[in-house]
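The following blocks contain the structures, represented as structure tokens.
You will see chain A twice below: alongside chain B first, and alongside chain C after that.
Moving on to the complex of A and B:
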């Protein structure tokens, strides 16, 4: 049986609905409708010059799965993630552990490491492209080498990954610092009394107690890396011979949807990306259950 | 005991050496960007000798050149307008929804909040094509409204503000209710001012991510006069890729304002971006 609501409760309910209305309507129009629209779009052939879409079932997907470029892009994206995620996290963790104490210059270090986070990736990529320049770039001239950092298909993906790591270290580090602050000091004091070395303390206290933070960072970084676009777009010229070995799946999505104007194929590429991310997320959840320490 | 102290000292030095190594790696790209921006193109593409510093004076006129020929004032204006409206929309809608989810009882609250959480789990790329189609049907290509469109509401902000409102003590509202304040008054006069730190965090978070976005402005504002700094840079690179000092001057102009604002409001920035990210 329903309880009768008092006038005050009814009023509160009205206020509540009115307050969430803008957000819920907005999310419906801007996000939930687009999900279904993209799914539908991926099953259609895009009409030329604004003509309507025609339903063609899974043909877009058949075409994509038969296309070596798609598989290569998916693999490129994974390779980028394999560089960006572990390196940016390991370096950030090291820096955070170093900075998690009273020391001179602590806040200056933190400020500097965080700067790339407020820089437009478009500008960052332009600068790195110039650093990597084979003839005139700083790196080659400083070390007297002549490496084709971004046009040799064998190493271009690593060079791009390095930019990704450089860009995100500071962000990961700040998240780690916040996590480290939650670990009670007396754990370390007790360990010191027992004669544990710094490295022992790190493995036996810091690593397990920090694991929820670490897992959170891993999860956001993996998804961030799998949707990388700006770096490839800005660093790799359209004529660059290494582009096929570097372009990411989102890059391919952009090419199909907005350079070639083929929204049906673009939507199908997005669907592949979304399914892929869902699979990765589920796998990560399994990892969390096993390795993350909860009090 | 003394050797112990010496060992401590050397560990401390080693830590500083590693930290300074990474500081150099973080700083060098920026230094090189600015140094290149102050050279002539001949200096920039000279290898023997290889110039670290500009050899024949500092060519500040490169900045004037890009400022004029790329119409940076318009790019700044477009970027600023986009950021302003995105921050206003995000803060306004999120604070209202966050208050309702955190403080009020209404039918469907649980389901609606699950939808908010669901939105945060969906990769944003899936929204782009339909959002673009909507913007173009509204005739809003090459407008500020087009740039702001995907940011009219925010699921993440709603979540962030909900946590902020939940954290406030219960009796605040009860006291106000006894004084005869209605829900709207309680919200506006008593609770909203107390969530200022969450609002600032959301504002900075929104501003920085809007500023960094590249793909959306490229899609909805393809014209040079209507686009943002990020997308403007992409256009310039297509045209002037080989004029390195010019490109670096443009990059400098694009990153400088945000870096300066960051250096002034460091604490708020780090908290706004990282801790609000950490709450997800």
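Moving on to the complex of A and C:
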């Protein structure tokens, strides 16, 4: 049985639609359309300037799967994530715990650690590029060594990872600080009366009660790390011999799409990344069910 | 109540409008042939097409270039045009890599700059897709414009199917740059116009060995120094990176391998590739840590204004004494040359204004002025002398001499040059050889790999 709407209800529904329209249009134009367009392009041999695309099925993917460079880049991306995510979280958690106490200059320290987040990523990368420079770099000159920080394939990926950790610590720390302030003080007082040490309090109160925040950071950072691009792009020269061992999958996408003008292959690279991130996210959701403690 | 309704309606409309504006850029391409002849007949004045004030329908023209060194000089030339036309010219500098990314995105989305530089790497692709303004009618109706006055190779480059899409802005050649102070310090004779690449090797070896303690090297070259570097050696030895028909390469021939073998020999006494990749040959040279590099005429200003510019001297590019008679014969000294073109987007609001600006940039007077200001060597023939005199206290005639005494070849290009150009300088091609210059076999293999990369890329065009 259908209920007939009164004119007032109709009007209200109309206005409702009018007001969600901007968001809906924005989402459609800026998100949904590009998503489907990318999927379509990944199945095409694309023409210049987005004209004259011809459907070629899964040929782009066949070519990519047979290309060792793609797997190497995916592995490079994973290696970067393995450095960035755990270290940035562990260090940020430690800093957050220390900066959550009453101490002199607390806000100054908080500000200092957050500053990298405010800087433009390109500027950060340029500064590190010169810090790492083999001949004139501050690091080599300070310690009187001559290490090819970003040209030696064995260590370049770590050097890039370090920049990633440094840039994101402040952001993670602020999130942790917010999480820490949610934990009621009573727990700590009770634990103190029972004679728990600071370390015991940390492991038995702070860590479990902070786990929703930790999980949120892990999830966003994993996705962030898997889509890294600017660090490799800005810090390493195109002719750097370590580049094949460091370049991320998004870097490869940039190479295909914008340097070589092959949008079809670029789209296919991105689709591989999307599927990979999906799998990782599903795994993380499973982990959440098991380890995250909800109050 | 009524007022509130009206306000709400107004705001919704405004939002919808602003959204529509984002996507409203029309992809008005393919109209190049229809450039209205009436507009093309805009009265041309003496300096090559600048029309009197008020005759154009736009207030400002956006110009995109990628070389910051040229900004001041070009702005000065453009301001002269503004004085007669009343149209403001805004020049934006975007670095080389991002320039092409941005231009392509603009071309796909219909938001290109009005007037911009075109380059041999991608010109063919833009012309074939009618993204650049066809200048035929404007040139035909402009009594001051004669394409015969410009370097043929550059005019031809910007011509597709008989239509002219850009007018030569400049041309460039290559020379050897050396640091007099370093040569003096280690007691090595400085380069002359009679030097062969073997002489370069000997001098680089002497400097690198003597300068070990100071971290000074005799020579520096990266795989990316192609046009201004190793391409020239390949041509000196009689091979071609891209053949004249743009369909093949002979870099893997006996001659090509002989040329790259010479390169390899020099690399054994040059700065290691990892250092060159991190710091860059130019920075190393300007830090007075390298005795010699090769550079293009478009870079002179950067060395002219450098701190120790008094020590920097230019010599003609060395030659390869292939026939072993001890002198430089025809075809033994090659310099790459290239030229940018001034082009306009096909869908500009006022094509006549854009052409007028382009014609102004390319007019003889302004080409001379461009040379005098030391911006670049002219695309207009016969005004090289002005450029040689532009840098007081620095002798840059080597760039001019190589034209008179050597041979010029146009910068190797195919339809989509960037695909193979980067790849042959990376791992899997010449970067391998650069990493291990002692390995003779590796350089020969790199030549084979590079040839395969170029042929595959051409096959995919």
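The rule is simple: the second predicted complex is superposed on the first by the 280 of 295 C-alpha atoms of A that agree within 3 Å, B and C clash if a C-alpha of one lies under 4 Å from a C-alpha of the other, contacts with A are read in each partner's own complex, and residues count from 1 in each chain.
The rule is simple: a contact is a pair of C-beta atoms (placed from the backbone, for glycine too) under 8 Å apart; a residue touches a chain by one contact, two chains touch by 3 or more.
Predicted model only: the values in this text are computed from it and were never measured.
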Should the pairing of chain B and chain C on chain A count as a clash or a fit in the superposition?
clash
Touching A:98 in the superposition: chain B (first), chain C (second), both, neither?
first
Contacts of A:26 with chain B and chain C, given as first, second, both or neither
both
Quick check on the superposed pair: does A:161 touch chain B, chain C, both, or neither? Answer first, second, both or neither.
neither
Could you say whether A:171 touches chain B, chain C, both of them, or neither, answering first, second, both or neither?
first
First (chain B), second (chain C), both or neither touched by A:136:
both
With both complexes overlaid on chain A, does A:261 touch chain B (first), chain C (second), both or neither?
second
Looking at A:237 after the superposition, I want to know if it touches chain B, chain C, both of them or none. Which is it: first, second, both, neither?
both
In chain A, both chain B and chain C touch residues 15, 19, 22, 25-26, 29, 133, 135-136, 237, 258
What does chain A use to touch chain B in their complex?
9, 11-17, 19-20, 22-27, 29-35, 37-38, 41, 91, 94-95, 98-99, 103, 105, 107, 109-124, 126-128, 130-131, 133, 135-136, 138, 141, 166, 169-171, 174-175, 178-179, 198, 213, 216, 220, 223, 227, 229-230, 233-234, 237, 250, 253-254, 257-258, 263, 266-267, 270-271, 273-274, 277, 281
Which positions of chain C touch chain A when the two form their complex?
8, 12, 15-16, 19, 22-23, 100-101, 104, 107-108, 125, 128-129, 131, 215, 222-224, 273-280, 284, 287, 289, 416, 418-419, 422, 425-427, 431, 435
Which of the residues in chain B come into contact with chain A in the complex?
11-12, 15-16, 18-19, 22-23, 25-30, 32-33, 36, 44-47, 50, 92-94, 96-97, 99-101, 104-109, 112, 115-116, 119, 121-134, 149-150, 152-155, 158, 182-184, 187, 208, 211-212, 214-215, 218-219, 229-231, 233-234, 237, 241, 244, 247-248, 250-251, 254-255, 258-259, 261-263, 266, 269-270, 273-275, 277-278, 280
Chain A to chain C touching residues, read off their complex:
15, 18-19, 21-22, 25-26, 29, 48-51, 132-136, 148, 150-152, 237-241, 243-244, 258-262
